[in-house]
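Next come two complexes, and both contain chain A; in the first it sits with chain B, in the second with chain C.
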Partner chain A sequence: MSKYDVFELVTHLRKCPEAYLQSSDFFSTEGVNSIALVQDTYRLVTNDFLRNDFNISSNLGTIDDNHWRAIHISTWLLSNPDFINNPVIEDKLYSFWFIELHKASAYVKCNEWINDDERAEEMVRLLLYCCEIIPFGENQDEAADKLSSLSSVERHKVLKQSYEAHERIMKIKREMEEQKAREAANTYGRE
Partner chain B sequence: MAVSSGPQIALTDEERFPLLDDLSFLNALRQDVFAPKFNFKSGDRLNEAQLSRVHWHKIKYYKEKVFWSAAQMPIWLKDYLHWCVETVPFYQNKGNDLDSFPTISREDIRNFPHLFVSNEANLNELLVYHTSGSTGPKLDVLFDAVSQASWLPQIESILKDFDIAITEGKHTTAIALICAQEKTLTYASLSTYLEGAGILKINLNPSEWNQPDHAVKYLEKYNPQILTGDPIAFMALLDLAPQLNPKAMISSAMKLTKGTKNKLENYFKCPVIDLYSLTECRNIAYATEIGHKIIRPDLYLEVFDEHKNVKLPYGERGELVVTGGNNPFLPLIRYRTGDFCSLKIENGVPFIVGLEARNPILFYTKSNIKVNNIDISNGLSELPLAGFKMHQRKDKTIEFLGYSNEVTAEEVTAFLHTIFKNDIDVMVDIQNISQNNTVEKTLYSSELI
Partner chain C sequence: MHNQSEIAAILVLWKSHWQQAKLEWNPLLRLQEPIWCLSKQDAWKEGLTGSFAMIRLTDHRIVINLEEITERGITDYAIEVLAHEIGHHIFAPANLYDNAILLNRIRFALPGIEDRAPMVSNLYTDFLINDKLQRTNKLRMAEVYKAINSEDNFTELWTLMMRTYEYLWRLNRGELATNLSFHSKKIDADASLLASLVRSYSKGWIHGGGRFAVMLYPYLMDDKKFEEARKKILILLDAEDAGKGAMDISGMTELDLEGYDEVIDMRKEAITSKEDHHDKKDRDSLGIEKNPAGGHGPRNGYMGPGNYIDLMKQVNPKADEQRLVNAYYKEIALPHLIDFPVEISENKSMDLPEGLETWDIGDAIEEVDWLQSAILSPTIIPGLTTQKRTYGSDSDNSISESPLNIYLGIDCSGSMGNPRHNFSWPILAATIIGLSALRAGASVMGCLSGEPGDYLETDGFITDETDLLTTLTSYLGTGYAYGIERLRKPFGVKPNKKSHIVIVTDNDIFSMLDSDTHTDQTHWELAEIALKNAGGHGTMVLHSPPDYNKDLVMRLQKMGWNIYYVTNETELLKFAAEFSQQNYAYV
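The block that comes next holds the complex of A and B.
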C-alpha cells in the first residue's frame, strides 16, 4: 500500500459506515455527538489521548446538518492509517472541517461524499490539499489541477459565470431585436 | 433600408433630444411649406453624461492629434487591448500583446455581434443600425449615441484643415445628408452637440416631395452648411442646379472620381471632401493629393496580407486592418476592412496610399433609366444571400450570381424585374454554400461605364 494514494483513500471513504451519516446530536441520544467525534479524531491524529484543548469552531450554531454530516464522514476518512499518528496535520484540520467543507457543503449533499465517485475523490483531495500533502504519484501542479477540476465550489463559480455570460448574451440579443425595430440616432453621412 | 420593413418611429421628441428645450426650429424644418414628405423621425439621443463624453472624445483625440509612428504604437493601445481582453467576450483568453490577436472579418461581426459587446457597455444605451452594406450581405451594427455623435467632432477636425468651422445654434441647418434613391428613411432633426442646429436627411426622389420644385426650394431656404452624401446623390443634386452656398461637401460610401469632384466644386464653389468611412467604425480618413489623410488618432491602422494572417511593412500593399474606436458595443481589434492600400507616415501623420474603395456603379433599364447599386443592395439585403456578383452586359442584360442555400433564382429574378421596372433581361444563377466555399465579395460591374 502506498501512502496517500487517492484511489485507496477513495475506496476507504466509500466504505464509510451508515452510523457516520446520522445527524449531529450533542447529547448522543439519537445521533452522533459531533464534538466528541471531532475530538476523538484529533486524538487519533495527534496520538495524544489525554488532550482536550483541540481547535473547534466557536460558532457551532452556524454549522448546518448537512455540514455536520460531511464532517462526520470526513472523520471516517481520517481514521485511515495514513492519517493516524500524524501530528503535523493537526492544525490543518480546522480549516478543512470548518472552512473548506463548509463552502463545499453548500453544493454537495452529505451522502454524495460517499455515493458519488467524484465527490468522494473531491473530499480526499480537499483533505490532502488542506493538510499540504501531495497525493502519491502526482506533483503539486497535477494535484492542484485535479482538485480544481473536481471542486464543487469552483464548478459552481464557473457555472455561475457561464450562466451570467449566457444571460448577458440573451439580454443583448433581445435588446438587439428590439432596437433594430426602433429608430436609432441621427445619421450624418453615408458609409 | 426599405421603409416598410425598417425600424419604426418609437420615441417622443423629449427622448430624441433630452437636453434641448426649444424645438421650434425642428418644427419649422418639419412643417415648412416646401418640406418633403418626411417618412421618419430621429434625434441624437444625447443626455448630459453622453454629451460630455462626446466633448471629452473631441478634446482627447482631436484638439491636438497624436498618431503612432512606424516604430511606436499608439499610447492608448496597451490599455485598450487589456480592456478588450477583460470585458469583451470575443477577445477573452487572448494575450495583452497586439500580435497575439489574429485579424477578424465582417463575417465575425455578422455572425457574433453579441460577443463584441463589452461587459461594461450599458445595454440601455444600445442602438442598432441594420445595413445592407454597399459591398456585402446585411449586417447589424451595434453602437451608442456617443459613438454616433462623435461623427461631428471627427468631421470638424477635417474641416479645420480647410479653415472651415460649423456654425452652431438653433437657427441654422448644419448638415444635410442628400440621398437619391428609390427609398430611404428621411427626417428633420437637431444636433445637441451643435447647440440645436438643424440636421436633415432627405431624398431627392420626386415622389418624396409635394411638388417637383420643392426639393430645390426647401434646400435653398435652409441652405445647409455641410452637404453629405455619395457621388451619385451629389450628381443628382447638381442636375437640379440649386442656388446653395455650402461651406463643404462630404462625399463617402463610394469612390469619388476626379471628374465628379471637379464638377461639384466648380458649381458649388466649396471643397468637396472624399471621406473614407466604414459603418463598423465611422470616419477614418479623407483624400488628399498624397493619399487619404488619417483623421482618427483613436484608430490604429495596419496593412495585412489578403489571405494570410501576416502584417505587412509600411509601403507594402495589402488589406487595411483597423484597431480601436470609441464604440463599447463594437470594439475592434485587427478588423479587416475589405479595402486595399499601403500606409505611409508624413510628418507624424499616417496616410493611406492607393485606397481601392468601392466604385460607384450605375445600372440601366433597357430604356436607359438609371438604377443605383445602393437600392439594389438594400433590396437584396432582405434575401438571405451570403454574397453576390452582378454584372451588366453591353446589351444591358444583367448577369447575377448569388450564393445561398435558401434563395431561389426565381425570387432574385422577381426582385430584379421590380427594381428595373420590368424593363430588363436578367440571367440569375444561385450557387449553394458548402462547408468549404470561396465565395467572393459582393461586386458590381458594368460594360456600360
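The block that comes next holds the complex of A and C.
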C-alpha cells in the first residue's frame, strides 16, 4: 500500500458507513454529536487521547447541516491509517473543515461526497492540499491542476458564466425566430 | 503509401482478432465478418471516406479501411477498433429505429443547427461504447486515441472530447488532450459534466442524447468553427451515415414529448443542483423548438412535415423526399382509416337433382321416386326395384355489392400551404378517404387543382397507393380555386362504374363556377352533368362559414351536391373519417 495514494483514499472514502451521514446533533439523541466526532478525530490524528483543547470553529451556529455532514464524512476519511498518528496535520484540519469544506459544501450535497467518484476525489485532494501533502506518484503542479479541475467552487463559477452566456445566445435566437414567425404569419394574412 | 504485402499481413492479423472482438460483447453474437478494404479506393467504393472504419445498420456490416489504419499507426489495436464497431451494432445506436429516435432528440437540442445532429449522435455513442470497453473490458481505447491524436487535430471541440475521456478514465491533463493551448476552465467544467453524463446514461443512453447535444451546442454554433472542427473530427465519424439506404422507419411522425423534456442544460442542473426539486417536472427543459400548442396535425401530436423530412434525410441521406412525404401523411392517416373489410358470405344454395339410387326399407317413404321406380320395373319390390333421387347443392358465395370509386378534387391554389413544409389538413383528409377507398377495393382518382394556372391528377381511377399519395402530396400554389373543368375528363361522359365526387375547396369555388368558360356550357352546367354522370353522390367540402353565399349553395344543393361546411381546417379530419366510415366501412 502506497501512502497518500488518491485512488486508495477514494476507495476508503466511498466505504463511508451510513451512520456518518446522519444529521448533526450536539445532544446526540438522534444524530451524530459533531463536536465529539471532530475532537475524536483530532485525538486520532495527534495520537493524544488526553487533550481537549482542539481548534474548533467559534461560530458553530453558522454551520449548516449539509456542511456538518460533509465534516462527518471527512472524519471517516481521516480514520484511514495514512492520517492516524500524524500530528503535523493537526493545525491544517481547521482550515480544511471550516474554510475549504464550507466553500465546497455550498455546491455539493453531502451524499455526493460518497456517491460521486469525482466529488470523492475532490474531497481527498482537498484534504491532501490543506494538509500540504503531495499525493503518491504526483508532483506539486500535477496535484494542484487535478484539484483545480475537480473543484466544485471553480466549476460552479465557470458553469454559471457559460450557462448565462449560452442562455443569452439562445434568447436572441428565440427572439429572432419569433420575429420570423410573426412576419410569416403576416404574409399569410395579407394573401 | 504502404505496400500491399504489408497490408495483406495486417489483414491476416486483424482477421485473427475478429472472434476475440466479438467475445468482448457476447459469446453468442452472430455478426458477419467486416468488409476488409485493402486500399482507400476499395473503401471509397464501400462508402467509407473520412474515417478508417464505419458501420452500416442497413445490412449489419462493418467496413474497415486497412490502408488508413496502417497510415494512422493503429495496426496494433485490432480488438479495440473491431470491438468499438461491433458496439455500434449491438449497443448504441444498435438499430435504425433507435438511431432515428436519438437523432430526433439531438435535433431538439440543436435549434438552427440541426444539420450537425448526425455528428453529435456519432460522438455520443462513441463515448458510451469506448467507456464500456475501457473501464469494463479493460481494452486500450485511450491508446487508440493517443495514436490518432496529432497537434493538427486540435480544436475546442476535439479538446473537449479528449478532456472528457481524461475525466472518464482518470488520466492526467494532457495525456489525450495534448495541445494545451486549447485548454480552458470552461472546457474542464464541460468535460467533467460530460463525463458524468456518459456514466449516468450508459444503461439508458437514449435519454442522455438531448443533454449531450445541449452541452456541445456552444462548440458547434459558429459555422466557421464547426466546419474546421468537423474536418478534424471526420476521422472519428464511423456511424454518421449508418442508416444510409434504409427503408421507411415507421413511428417517427409522432411528437417525442419525452425527448423534448430531456433537452436539459446540464450546466443549469449543476449550478442549481443543491436546490430541492420537489417536483422533478419543474426542471427546466429548454424545449427549444417546442410548439406551445404541442405539435401539428390531429391532437397536435405530430411533428411538422418539414421537420420529419429533415430528420429522415439525416437517418438516411439517400431517402427520396417524395417517398417521405407520402409516408408522413399515410402514417398520420392510418388510425383514421376504415378497418380492413371482412367478407361475410351467406350461402345461397339450391338443390339440384344429380342421380338415382335404390330406396331401401328403412328410408323415409316420401323419398321414393315412384315414376323412376315404375320405369325401372312395373313390379314394385321394396328395396330392389324402388328408386330414390339424390340431390347436390349449388351455392353462391359472391357478394353483389361493390364499393363505388371516388374522385378527390383538392383546391391547391395560392391560399393553400405546401404540404411538404406545413402540415396540411386537406391532404390528410384526402389521404384518409383515398386509402380507405383503396382498402375497400375501390379505385381512386386524385386531382390537385389551382386554377387558372395548373393542375395535377392521377392517370384516371387507379388502385396504386404510391401514385395516389404522390399526386395528393404534391403542391401547385397557382390560381384561386379548384377548376370545375377538371370534372370533364372523368365525368364528361358516363363512366363504366359509378363514383363519389368529393371536392375540398373554399368560397372561391363560386367565382370559379361563375367564371367565363368561352364555350356554350357554363361551369354550373358542367358541375351538374358531372354529378349526374358519376352516378353516386357529390360532396363539396367548403371551408367557409355556413350560410355564406346562401343562394349559390342552394343552387348546388338542388343539383344534388351535398355541402359540408368546415370553419376550421381540423374539422376536415372529422369529415374524412365519417365519409370513409359511411361509404367504405360496410361489410
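In the analysis below, the second predicted complex is superposed on the first by the 162 of 191 C-alpha atoms of A that agree within 3 Å, B and C clash if a C-alpha of one lies under 4 Å from a C-alpha of the other, contacts with A are read in each partner's own complex, and residues count from 1 in each chain.
Here is the rule we go by: contacts are C-beta pairs under 8 Å (C-beta built on N, C-alpha and C of every residue); 3 or more make two chains touch, one makes a residue touch a chain.
Source: prediction; values computed, not measured.
By the touch criterion stated above, A:Q179 is placed in contact with chain B alone, chain C being left untouched.
In the superposition on chain A, A:V38 makes contact with neither chain B nor chain C. Of the two partner chains placed by superposition, chain B and chain C are both touched by A:I169. In the superposition on chain A, A:E142 makes contact with chain C only, while chain B stays out of contact range. Once chain A of one complex is fitted onto chain A of the other, the partner contacts of A:E118 are limited to chain C, with no touch recorded for chain B. When the two complexes are overlaid on their common chain A, residue A:H156 makes contact with chain C while staying clear of chain B.
Touch criterion met: A:K109 reaches chain C, while chain B stays clear of it. In the superposed model, A:L126 lies in contact with neither chain B nor chain C.
Residue contacts after overlaying the shared chain place A:L21 against neither chain B nor chain C.
Shared contact residues on chain A (touching chain B in one structure, chain C in the other): 165, 169, 173, 191. Interface residues of chain A, counted against chain C in their complex, comprise 7, 66, 106-109, 116-118, 142, 145-146, 149-150, 154-156, 158-163, 165-166, 169-170, 173-174, 177, 191.
The touching residues of chain C, counted against chain A in their complex, run 111-112, 167, 170, 172-173, 185-186, 188-190, 192-193, 195-196, 199, 217-218, 221, 265, 267-268, 270-271, 273-274, 286, 288, 414-415. By the touch criterion stated above, chain B contacts chain A in their complex at residues 7-11, 40-45, 89, 113-115, 117, 119, 123, 126-131, 140, 142-143, 145, 148-149, 151-152, 155, 175, 177, 179, 189, 191, 199, 201, 228-230, 233, 250, 252-254, 275, 277-279, 282-283.
The touching residues of chain A, counted against chain B in their complex, run 165, 168-169, 171-173, 175-176, 179-191.
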